[in-house]
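Two complexes follow with subunit A in common, the first pairing it with subunit B and the second with subunit C.
On to the complex of A and B.
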């Protein structure tokens, strides 16, 4: 009964994802084939990895608007470092360490200094992007290892599994995040921190620790997305993360996690990632360019927040 | 009782009869009557929760009575909004009315007199009005362009009163507006009030200072548990009589009926000790020890420092003077307190206690997760087992621990919060009014649970606004008055009468020497 209700709670966005697939098939004849499905999975995986941080920060009552900048930074650094002969794993460690520092500063400023998380992370994103442009003047020469390209290619495989590496990675990470949310001390603290920060503080939840950990996780996963995107495009671009500002928030909102925190979770965001990715595909199929897609996603966020925001959550109506 | 004292002559300015008002399940006013004559200074007395503020809100049109009648000048009247009350000539000064610290005295006073766009009065006339109102209270010298935030609390109170005088009024209600005034200011205010009385205007004032009531009031109405129990003219009342009327003997019996009498035991070892403690620098310092198995009550009129006392012990605010320690280990932060086994139950369940969307299990276990976890990982069954065990100890009644805590009744939510404290294996419980807004059945359970916990050797500090509760549950009660410990009453001295006397700063048995 309990499990049933939980599945039903996630059901709506998943049903929407399936329905959209058929709609796309109507708009773009011949869409329903293995290649389209793989490419949908691939794009959803990249979004899904970037949206973990957005989900967790929203759950604790914050936001992470620095995700696009961190993606761009990781993307550029990957190409630069590998191109300069640094082994890819060493490069990854360096990138993750930098991302962790960025996440730490976000969490510290938002919780300890009580600055508005939206403003703090937007500013942090601006600083990071500015630094990339200052360092590279927008021209990045570099390269990425071939296997990284394969990892994010539709025709890629993961050992015996006929799926590109990034999809397999995402599946593993989904399991990890769901376990973190439901079966770890940190997970329970995250929900408590978002549901009632004052009560959480009085109950002895280490709020500063929770905020910093969540923001560090967010930044590190954004960096991971940036590294993978380097393989996807084969070249580095500081603004590669730009679309992820709107899409990560959209994925969280479409999934049904309220922006007020304490409710929802990553399971819902996974469904949201499929819906958002499909929607982009649909809009491309309808002939809209990047700008048009952004506008549509913007409208979608406003509409959904209006709908979800008005409906009193079940727990409060009881 | 009111009947006996009126004379046929002028009609009453205000006559309220049998006003009744509930908020949810609590009856704020049961049967409250009040008669104020023109040209009278009328005192309204009663302890916390006796219905004074509800009565004042009804007279202000902020709250409507459910039943009962209200007459102005002998004619039935309805005060449906604050504006209607203003039109009827009722001006009220609440405890803190000057809200905009950055704005000048003049702007704070004029606030609300202007229209949204149009100014009613020319600036020069406006300033003259403000000065005249201030002068009436002896504040001629005050610079009206000074920001309110730079004034002393006493000055702010006077400016707040002057603000009420700007509108035409016939009845001025002062809700504890004299608490911060020094003798000179107070005497000037009283002189002004007497002048108003001579003009035929009336004043209704709420004060917790018995001497003020004795020197100033022509008439005093006493409220107890939402009902007016007496209205006496000057000469017929004294501090003693008023205190007597405020204590409710019948209720004490009723509460004793459902709370188990606690056996007297010898004190256990010392759990918590305060040394040279004071609530603010300059107030008399005191020492205090809490022993295992002891329930110590904490009482005081609203805002007399008793809440701050609890918060200091829970490490939520630094002790202004002296030290709080558990077995020589000092408590300087909330984290310290939790580590030493001192847990705190906040007063406001909704905003500071529960996580509304989360399950009962999550709510109960949130404070003891690291202890339940292995390498940071938790199995759902560990959580459920721990939560159910604690809920049973705290007698939470529920259909399932997986339901959101918001689905429980207020009383059961409160018990679940107590279960959360117990899950931390505390040595000391610091409870800020745990029985507030809780139904009778749950109250009875909580009484039992607290007595049981004390018997197990937990030390309990219990703040309650219900004096009966303190009399029945506590081994001794600390009474705060004016941000200082006014008295510590032990079991032999515990009675509602003595508690009220101490709360009102009156000497009585057991008063600590300063």
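On to the complex of A and C.
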């Protein structure tokens, strides 16, 4: 019975992801082919990388609404710097450094200055997008290396592995994040900070350090997504991150990590990424237009929150 | 056990509600939204003052504007030079808009050299906030602008400001995006005409049979809707003549390459049937083509609306069967500036909406626009040697009066 409860409570997003895959196969004849599966994996991996930061910030009781802007910034800088002759790895280091500063400011303002993380990160996103426009005056030129395009191509391969590089990268990152969550001190601090901030502080958890580290991680991983998206589209666009505002939150919520923090984890978000990508693929397959897709995705979020997101924060239940 | 039951009930409820919503959503098709076609008498009245040679570009005008006003500035008189030229924009975040502003600056300097304008162009940018754009427009009127060029963010949101401008003798000219305000002069291409033209070209290219995917811009915008209706009307007309082409999918790429590619990948994953052509409506052709290639599909016929260098490079690399319009922001700004100068010189416009055709890039004249330096990452626009979208004389037919116009010339933007 205990196992059944666990499956019903924790396994639902995974079950939903598998069920949706079979539903798509049933509803859309011919869906089950290698290219379709690779497309699903590729789109889910881009979302998955962007959603890591959202998961971790929600786990500590925050939010990161600056993810789309940081994705846009990294996307533009990748093309600009590489196009100007800067080696791609040097460009990546510069971009990650800038992202880390943005993350630091987010974490510092949200924790040390006790500002609402939703407002802080929204404002930071606005500042970043404004900076892109001020810096480029809308003229976003540049180029990206061909191998980066192949890394984010459905037909790309990773050496002998018949998977696009971004999917392999995601698998490695999933393992890394799960290890961080479950086997590291920082992971335990993250859950403690989100479950009961006061208790965690009294227990000696360095709250400011945890918040800053999580927001830095979030920004750096958003920047990584932005770099990969430069390869995906082959060009730079400041608004490339816009779809990831709703979908990263949706992936976290659909995966079953409560917005109150302290519980859940990235494993669930991985399932949420598959559900969100599969659902939108199914809706496209059914011929729904954008409005219909948005309605269904919004409804799914509300319905799933109704099912497993209504529990009180852990701190109130201890 | 109770918890399990509760979860089961909720899950069933979720499934039923989702299904109902999705079925409801299926009923919503992009071309089903109702825009009433004016009666023949109303159309005749609306088009009465449109020059005969230009009427071919006004087909389906009602998808773009509520009404066409005859002699909109009959009792209005421009200020005397030197004029303060201003630009009121809803968004300056892409190279198309940047080129538009750069061209307006250069044109203003040309006027200044003739002693007809102050040398600086005043520019405002509301970044998508229509209320802010309206207040910026009112501020521009208050600070002494004599001509306000604009790329508005709403068809009706600026009307009170435009009315204020009109009363104070300030000319308001909308560039490439129509406002339904009777005192505004609009210079644009007709989105319905564009969609129908592209649709007819596609049908010819696929010999009236095959599957077409529509990669639309942004849902809910009149331009996107009008273009899509134009395509559908072309398909319906071919169907009535015994054709067998159909639109099998409506996707929205938000005029962003990565979004278009994502949507196309999802579509191809769920639609095993062959795709003969893609009707793409701006900045999405490369993403669409890459999605087809990466899904192991043959490249389809692809039409575009903008002449991005990246699209031409992709076209060249893959020997596409393709078509696109030429409409960079710079030349478009110039095209709107010419009618503005007609009016500032004292001539009277016959109508408030001036529709113009656009040059076409096809296989026949591809080499006139393509340059080997273009790559799929290029962000420039392939304008060719002649930067005029239409000859300046095209606009003469829209005006009465013989007042001498200032001398201006279209300039390549940096």
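The rule we apply is simple: the second predicted complex is superposed on the first by the 289 of 318 C-alpha atoms of A that agree within 3 Å, B and C clash if a C-alpha of one lies under 4 Å from a C-alpha of the other, contacts with A are read in each partner's own complex, and residues count from 1 in each chain.
Rule of thumb we're sticking to: contacts are C-beta pairs under 8 Å (C-beta built on N, C-alpha and C of every residue); 3 or more make two chains touch, one makes a residue touch a chain.
In this text, all values refer to a predicted model and were calculated from it rather than measured experimentally.
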item: Subunit B versus subunit C as contact partner of A:299, first or second or both or neither; value: second
item: First, second, both or neither for A:239, with subunit B first and subunit C second; value: second
item: Contacts of A:137 with subunit B and subunit C, given as first, second, both or neither; value: second
item: First, second, both or neither for A:160, with subunit B first and subunit C second; value: neither
item: Partner chain in contact with A:85 - subunit B first, subunit C second, else both or neither; value: neither
item: Subunit B versus subunit C, judged by how many residues of subunit A each one touches; value: C
item: Contacts of A:262 with subunit B and subunit C, given as first, second, both or neither; value: first
item: Which superposed partner A:229 touches (first subunit B, second subunit C, both, neither); value: second
item: Partner subunit A, residues of subunit B touching it in the complex; value: 316, 334-335, 338, 344, 346, 351-358, 362, 365-367, 369-370, 373, 376-380, 402-404, 406-407, 420, 424
item: Partner subunit A, residues of subunit C touching it in the complex; value: 1, 3-4, 7, 10-11, 13-14, 17-18, 21-22, 24-26, 28-30, 92-98, 219-220, 249-252, 254, 256-259, 261-263, 265-272, 286-287, 290, 293-296, 310, 375-380
item: Residues on subunit A engaged by subunit B in the complex (per definition of touch); value: 2, 179, 182-186, 188-189, 191-192, 195-196, 198-205, 262-263, 313-316, 318
item: Residue numbers on subunit A that touch subunit C, as the complex places them; value: 1, 4-5, 8-9, 12, 24, 28-31, 33, 35-36, 39-40, 42-43, 79, 83, 132-133, 137-144, 153-155, 229, 232-240, 242-243, 280-293, 295-296, 299-300, 303-304, 306-308
